[in-house]
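Below: the structure, in structure tokens.
A, B, C and D label the chains in the order they appear, each numbered from 1.
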Amino acid sequence: MKIAFIGLGHMGNPMARNLLKHGHALKVFDVMPGLVKTLTNLGCDHATSAAKCAEDVDVVITMLPSSPHVRSVYLNATGILSAATPDTLLIDCSTIDPHTARDVAFDARAKSFSMIDAPVSGGTGGAEAGTLTFMVGGDSQDFEKAKPILACMGKNIVHCGGAGNGQVAKICNNMMLAIEMIATAEGMSLAAKLGMDPKVFAGIANTSSGRCWSSDTYNPYPGVIDNAPASRGYTGGFGSDLMLKDLTLVTEAAKAAKHPVMLGAAAQQLYQMHSGNGHGALDFSSIIKLYKKD
Amino acid sequence: MKIAFIGLGHMGNPMARNLLKHGHALKVFDVMPGLVKTLTNLGCDHATSAAKCAEDVDVVITMLPSSPHVRSVYLNATGILSAATPDTLLIDCSTIDPHTARDVAFDARAKSFSMIDAPVSGGTGGAEAGTLTFMVGGDSQDFEKAKPILACMGKNIVHCGGAGNGQVAKICNNMMLAIEMIATAEGMSLAAKLGMDPKVFAGIANTSSGRCWSSDTYNPYPGVIDNAPASRGYTGGFGSDLMLKDLTLVTEAAKAAKHPVMLGAAAQQLYQMHSGNGHGALDFSSIIKLYKKD
Amino acid sequence: MKIAFIGLGHMGNPMARNLLKHGHALKVFDVMPGLVKTLTNLGCDHATSAAKCAEDVDVVITMLPSSPHVRSVYLNATGILSAATPDTLLIDCSTIDPHTARDVAFDARAKSFSMIDAPVSGGTGGAEAGTLTFMVGGDSQDFEKAKPILACMGKNIVHCGGAGNGQVAKICNNMMLAIEMIATAEGMSLAAKLGMDPKVFAGIANTSSGRCWSSDTYNPYPGVIDNAPASRGYTGGFGSDLMLKDLTLVTEAAKAAKHPVMLGAAAQQLYQMHSGNGHGALDFSSIIKLYKKD
Amino acid sequence: MKIAFIGLGHMGNPMARNLLKHGHALKVFDVMPGLVKTLTNLGCDHATSAAKCAEDVDVVITMLPSSPHVRSVYLNATGILSAATPDTLLIDCSTIDPHTARDVAFDARAKSFSMIDAPVSGGTGGAEAGTLTFMVGGDSQDFEKAKPILACMGKNIVHCGGAGNGQVAKICNNMMLAIEMIATAEGMSLAAKLGMDPKVFAGIANTSSGRCWSSDTYNPYPGVIDNAPASRGYTGGFGSDLMLKDLTLVTEAAKAAKHPVMLGAAAQQLYQMHSGNGHGALDFSSIIKLYKKD
């Protein structure tokens, strides 16, 4: 199939390369010409604007940094919706707020496009390995059409319901993740401060009711899990500033819905403080630095 | 062996009966005479005070409601340490603060008793079934001596390190549990408010980085897990007021150690508010009522 | 002077009437025709759109409910900036986020308008009585031009610095106010719960380091201050949902600036919970209901 | 009158000297002999224990660091209640939890002593100058007896109700103070970050609904108030660790009363974090360092 890929950053680049490997023909665009080059070197076409990129293709995939980017790239006078052929399948893989996702999908449908929101989890590692999880919002029919394409880039493709629900699933999961990571950071650091061996405590929590992904797979205490970021100075992994971005999205979605999220809002603040302390580029498990002084 | 069992409430009663089943000879005491009767009916001896109960036995087991109770039952002029034969093995199964546990163990050792702290998890269900988890603090030697006794009442017997570490493990695990339960309550209720099917969202979180025991085993959203308290009106299970008690213990231990636990303290407050709203007797997963109006 | 007044809700209506009383000629507009009528009955002109209202006047005053309204009423293709005569003085009295205020002021200046942001405090009472406080952001020159106009509607007219600073002053002050109100609610309710007479405690705090406007002028405990909303069932005053709106503005401005506001975010959440409990229409001092059960 | 003074630290020492200045005869005791010397040099008697100090005097004043100290100094087998002559007036100026204050007062009354709790505010500056505020709990009759004595050391002597109410007033006021200080720190630092002049913003808040003692008298932003600790590197004043102690007392009293104090608990945690960052000895207004990076 002929696929347009728009947005070639750390995630978009390896995702596009996995589509190539599966034999798809790619046309690419990014506002940074340098990012385009890696892919034209591999034989991809390229376009001089998002709109031109979206012309005459079967599928458009976008991977953009924020809600306003998605809104303008799709809805502007010279945006994708004005340029793509009707019936093109539109797949937005950006992580953005559910309301924007629904607005854009609504306008897309009004112009008889198929559109899904399909934010990912799995990080750059998953993007390289083609093992991402896609959380998909949209009609069942569009979901089925998108599935074989997404399967070139990911392993789990989950239908979350109608338009915007991919975003809801992503940000609500990540809010839980952030709170549970801080819960683990507080529990581990306090147990150590009160005299327990951190590995022994992790072993107990992980076979008990306190267990969570952050404690049994990605423990923030150095030395507890060999291949976790905590055991290599919090390098690699999922950056604290990216977690902060998702927490900002989810707390604003909660405000718009007039729904309280006491611990979600506290987590957003703690990551804000952590980022302000200069640790935004470290893996998000480094939040334990608020509790455990080195 | 001849075992004294002191404290025969909801947990102590079934624990004592499991010891009987394994052929041990029991002498029992409780300040409430009614609680003693069930066990004397089964052939147990009884004593008229904790001290008398602790005389001439091989092992003393206590299951008491709070730190001051433990302190006075062991350390008073007419307490266990003044009455038991030296070398008696002392096992305190109460959930109390680590400092009190260490104080009492210190005095016990000074009088050449063996002593461990062995708080439990698993609830009354686990106590009945003999499947409790014991988190044990104390010397390796004392741990080994206690193991066969504890094995009559539980399934997992974990050595957590020196005196008081059983308490540390228990309260730090439960702090993580409480925060993760609230994380799950906030994530589930927000996803539903934003338009997702709660079961679908739980399925996604549970195979992703947001998963935790509270989401995959004990989900607080009604109807998501059939045999969880949420699906039977939050009856049974682990009461909110008991969780509040553990959160109070852990936040006070953190204060004494001058260790911040931002979300732990917030969780303590939210359970306080929930209890003040009249829900203290409901299972602790009912905390979702702060977020999701019926 | 000839003044256009756009936005005639609870605040705008009495503000416009005070301008009339001072002899100004008014042209008015609101999307709700009913709101216009009160003023045309008093002899005001009216227009059929915001743009038409802004034509051929010396001053335009807007009083609108939110940032998107301000953005569209000023910047749309058929907005105020496209219709007003250059050199018209533009005064936006809405409470909105500082970034939007600065964007609009920037565009206004580019088209050689004078523009200030001038959010108010003092409520409908102050609007009726002409005793509002105006917090003004903009050039000194524009501030001086606006001053005599604002003086028809208010008593304190404070210059806060450049464009947007009126909004900064308003929302930062209101964040402090909300936190201090909750501080007072917690302190008063706890002192009462611990056995003190609330009036005696208020008397002590108010002559000590705990004093604040919320304790000495607007105390949330019923019966402590005779003419405070707390003493008449929390009717009248400044609604909880209006405070929630300001807290949402300030926490989002803080996020955009990557600045932590731990208690500000907690206050936003507590008002969200209070509103969800059905108390959004009560005066904001009713937040004490989270603490003190009737 | 013959007065025993027990506890001669930073506060007790100048308080005792002010009693001397008013012509009272003093007998003093402290566990640190060095602290006694300053006073014996001025002609005071001294005793070798608290109990001996309390013998044969008209009034006993204690100024001790914590609840356990007060409990043991008064109630131990060789404590004040066992040594003082019946009818001696007992005045405890320590800041402790209200429950301990009530326990001790209860035992004192049972032995027919008059007793009041009279914690102070005003710091070492107020102690030197004799301008302390005393918040007094106890019978009216005992309050009247104590008043002329307290007037030698302070300026405001406020009757707060029955036994323990002095402590309630002190810790509830200080909880409000701590929250309001953090409110001011968040508001000031955010206004500055968003581009306002801190002095201008303080001026507005201080004449508006956001005003509080922390903003108009003790502003935490450097340079806003000339003689505040913020303008001299946060030296002098009321130390962060002392505020942390009071917040710990008040949050524990709230837990014991099952009363939620969401922001009080958050404030306790923020001061814990601040202290852990190494700033415990700085004035409590230095909490702004959590928000404003130098």
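Everything below uses one rule, namely that a contact is a pair of C-beta atoms (placed from the backbone, for glycine too) under 8 Å apart; a residue touches a chain by one contact, two chains touch by 3 or more.
Since the structure is predicted, the reported quantities are computational estimates derived from the model, not experimental observations.
Novice: So which one's got more C-beta contacts, A-C or B-C?
Specialist: Pair with the higher count of C-beta contacts: A-C.
Novice: From the centre of subunit B, which other chain's Cα mean sits the farthest off?
Specialist: For subunit B, the chain whose C-alpha mean is farthest off is C.
Novice: Between subunit B and subunit C, what is the separation of their C-alpha centroids in Å?
Specialist: Centre-to-centre distance between subunit B and subunit C: 52 Å.
Novice: Which whole number of Å gives the spacing of the CA centres of subunit A and subunit C?
Specialist: The mean C-alpha positions of subunit A and subunit C differ by 38 Å.
Novice: Counting only residues that touch at least two other chains, what does the list for subunit D look like?
Specialist: Counting only residues that touch two or more other chains, subunit D contributes 254, 259-262, 266, 273, 276, 290.
Novice: Subunit A touches which residues of subunit B in the complex?
Specialist: My answer: residues 98, 121, 133, 135, 156, 158, 160-162, 164-165, 168-169, 172-177, 179-180, 182-184, 186-191, 193-197, 200-201, 203-205, 207-215, 217-218, 250, 253-254, 257, 259-264, 266-267, 270, 290-291.
Novice: Any idea which subunit C residues touch subunit A in the complex?
Specialist: 248, 252, 254-255, 258-262, 265-266, 268-269, 272-273, 275-276
Novice: Over in the complex, which subunit A residues touch subunit D? Could you list them?
Specialist: Subunit A reaches subunit D through residues 273, 276, 290, 293.
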